[in-house]
C-alpha cells in the first residue's frame, strides 16, 4: 500500500500537463478497459500504462504496482477459472469442478481489466499534486470547495496512515509481538488489534485538520482564491485527443473482432 | 488587544471546568509566555482566544473574550484568523496539504492575497524559518522538527497582528528552538506583532519573553513581568514548575548571605550579577 | 551487551549513519545527543534490530541483529518510542501491561506478580482507560508495559518530549530506579539538564557521525564538539564558562565558587 499513491516530484512531459488532462487520460483508459472485450487490446493498454510510468520517471513504481496487484489477480483468476463453466471442458477435477476454455478466457479478461483500470488512477495520483487536482476541480469543474477539500484530505491521508501503521508495527515488534512470523493467519490475528491505535490517531488527525483549516480561513475561500493558474496548452489538447482515440479504438476493436 | 473577562469553560463531556474564572489583558505589542503543567488549561485558553471555543468545541461558556474589540462569541474562527494566527500543539494533524509549498499557500489563497504578492510572502516565510530548501518536499517525509517549522511559516506568511503558538518547539533541538524564539522576537520587535507563546521550556522563555502567566487547574495563578513571576519560585515549585537554574542560583546565593539584588532570570543577568559580586 | 562495529546505514542511498563503532556495557546509563536529523532515532533502531546495518555488525548480548528475529531481540531490549499512541492498543491499563507480560512469560503466577509490581511501581489504577489519560500518563503506561517484561536493556527515544516537569521527573526517577538495579539504559534526549542529572556517559552525533563518546562532565566541557553538533552545555556550565570556571555544572558548585571569590576579594580589599 505504502508509496503507491503519494506524489513523486518531477518535471516530465506528463507532470507538466494540466491536472484535468491527467485525470481525463486516466479515466479514459479506465473506460476503454471496461468497454474492450479484446485480450490483445487490454494487454496493449497495460503496456501503455507502463509506458506512461516510464515517461513520468516512475517506471519502478509502476512495476511494483503491477507486482502488488499480482496476488489479487491470482486469487480472482482462480475463482473465475473454477466457477465459470462456459465453453469446452478442458480438465475435469473432483468435486464436480470443470476447467473450461471459456472460463480461462474470461478469467484473463477480468484480470486484465482489473489491472488496466487500477493502474492509471494510481499513476495519475503519483504525478499530480493533490492540491492541484482539488484546485482544478473547484475552478474548472465548479465542484463546491468543501467537497474538493474532503476528497483531497482523504487521498492525502492514505500515505499518512500507511506511515502511522509502519510506526505501530515497529512499536509492537519492539515489544515482542511476533509480527515477523510467516504464518499469514497468525499475522492477521496479531495485526487486527493494532487497528485500535490507528483508529484513535486517525480521528485525532482528522479533527486537528478541521480546526487548522478553519483557523486559516477555510470558510473565507472563494472560487477565485486559487493562486496557481492551470492553463490548457497544446500538449493538453494532444493528450486529450489521444485519450479519445484510446476509447474510440476500444469500441472499434470490439466491433471488428 | 486581547481582553478576557471572567472566562470559565467546561467541555461538553468534561467533568471539571477546563478554564475557571480567567481574567487577562494582553496589550498590543506584548510578548507573553504562558506556562503550566499538562492539563492546566493552556491549550483551552488559546482556543478561547482564537475562537475554536466556543465555535468548534461545544460546552458551557461564561464570561467574555474580546480580540481587537470584537467579541469572539459573535464572530467565527475563520474571521478571527484574519487577526490572529494560531500554531496548534499537535503538529502532525494541523497540516492540510501534502507538499510544503501548498501548506504555506493554503492560508494565503483563502485570504485572497493578490497573486503578485503571494510568491513574495511564500518565499519570505520559508526564508524566515530557514526552510527554503524544503519548498517542494512532501510533508510526510519531514522530521517532526521540520514540520514544526512548516507550521510556523504557514502562519507567519499570513502576517497576523497577533500570533499564538502552542508549544511550538516541543520537537525541536535546542538550537532550532532558539532560532524559533529569535524569529518570534524579531517579529515582535520589528513589526510590533503581539505574541502569546505556550511553552514548557521555561529556561528558553525567560531568555526571550517580557511577561509570564502561570496556569494551574484552569486558573491563572500568577502573571506579570518575568522577574516578578520567577520571584515566586517556591510557589511555582509547589505546582510542579521548575524555574531556570540561574533562578535557583540567585536564591541559593541570597540564602547564603550574598547581596544578589533581585532574582536573576537569564544568563546575561546572572553574569552581570556575579560580575558585580566578585569584581566591583 | 551492545556492540557496534563500523556500522553504516542508508535510507535509499542517503547515508544517515557513517562508520559508527561503540560498545555499551551492562548497567551503563548513556545519553545520545545531537540536533534534529542527526541520526539518533536511526541509531536506536539499529541497536534493537528494527533496522539492519547497511555495512558493519551490531551484536546484542552476542547475537548478531542481522540473523536474529526482532521478536527475539525484544526479549532482551525494551524500546520506548516517542509516541506512546503507537504502542497502546488495549482498553485498560491492566490489559495493556498484561499484553506485554503474556508475550514475555508463560508462567501464570509470574505474570500476576509482575502485573502487581508494575502497577504499584507506577501507582496506576488497573481499570482506567489509557485513551482518557493525558499524553504524559500514556507515556507512563507505555513505559510500564515495556519494563513489566523485565528487559535487560532499555532504549528510550526522547521519553520526555511533550511532557511537563512533574511527568518528566516521574518517568526519569523510575528509569533511574531501574538503572540502579542494573538495567542498561540508552536514552535520546534534547534536555541537557536531564542529561546532566541522569546520564553517566554521552554519545554525540552530528550528521550521522559519532563525534564524541565519553563521560558526561567531560563531554560538556568540549565546547568545540558541542558547537559542531549545534548543542549547548547546561545553563550553569554556560554561566561558569563565561567566568572561566572549569568543571562547574550544578547550582551548589557555582554557589560555592562564587562565595569563595567574594571572600577572596574581601581579603584583598579589606
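Which chain is which? They are A, B and C, in the order written, and residues in each are numbered from 1.
In this section, a residue touches a chain if its C-beta (ideal position, glycine included) is under 8 Å from a C-beta of that chain, and two chains touch if they have at least 3 such contacts.
Only a predicted model underlies this, so the values are computations on that prediction, with no experimental measurement involved.
Student: By the touch criterion stated at the start, how many steps lie between chain B and chain C on the shortest route?
Tutor: Between chain B and chain C, the shortest chain-hopping route counts 1.
Student: Where are there more C-beta contacts: A-B or A-C?
Tutor: A-B
Student: Where the CA atoms of chain B average out and where those of chain C average out, how many Å apart are those spots?
Tutor: The mean C-alpha positions of chain B and chain C differ by 28 Å.
Student: With centres defined as the mean C-alpha position, give me the chain A-chain C separation in Å.
Tutor: 42
Student: Considering the complex alone, what residue numbers of chain C touch chain A?
Tutor: 45, 48, 50, 69-71, 74-75, 77-79, 81, 83, 85-90, 100, 103-104, 131, 145-146, 149
Student: Applying the document's contact rule, which stretches of chain B touch chain A when the two form their complex?
Tutor: Against chain A, chain B makes touches at 50, 52, 56, 76-79, 81-82, 86, 88, 90, 92-99, 102, 105-113, 115, 118, 136, 138, 140, 154-155, 158.
Student: Looking at the complex, which residues from chain A come into contact with chain C?
Tutor: 164, 167-168, 170-180, 193-194, 196-197, 200-201
Student: Which positions of chain C touch chain B when the two form their complex?
Tutor: 34-37, 134-136, 161-167, 190, 192-193, 230-232, 234-236, 238-239, 242-243, 251-252, 254-255, 258-259, 261-262, 265
Student: Flag every residue of chain B that touches chain C in the complex, lowest number first.
Tutor: Those in contact with chain C are residues 36-39, 143-146, 167, 170-176, 200, 203, 240-242, 244-246, 248-249, 252-253, 256, 258, 267, 270-271, 274, 277-279.
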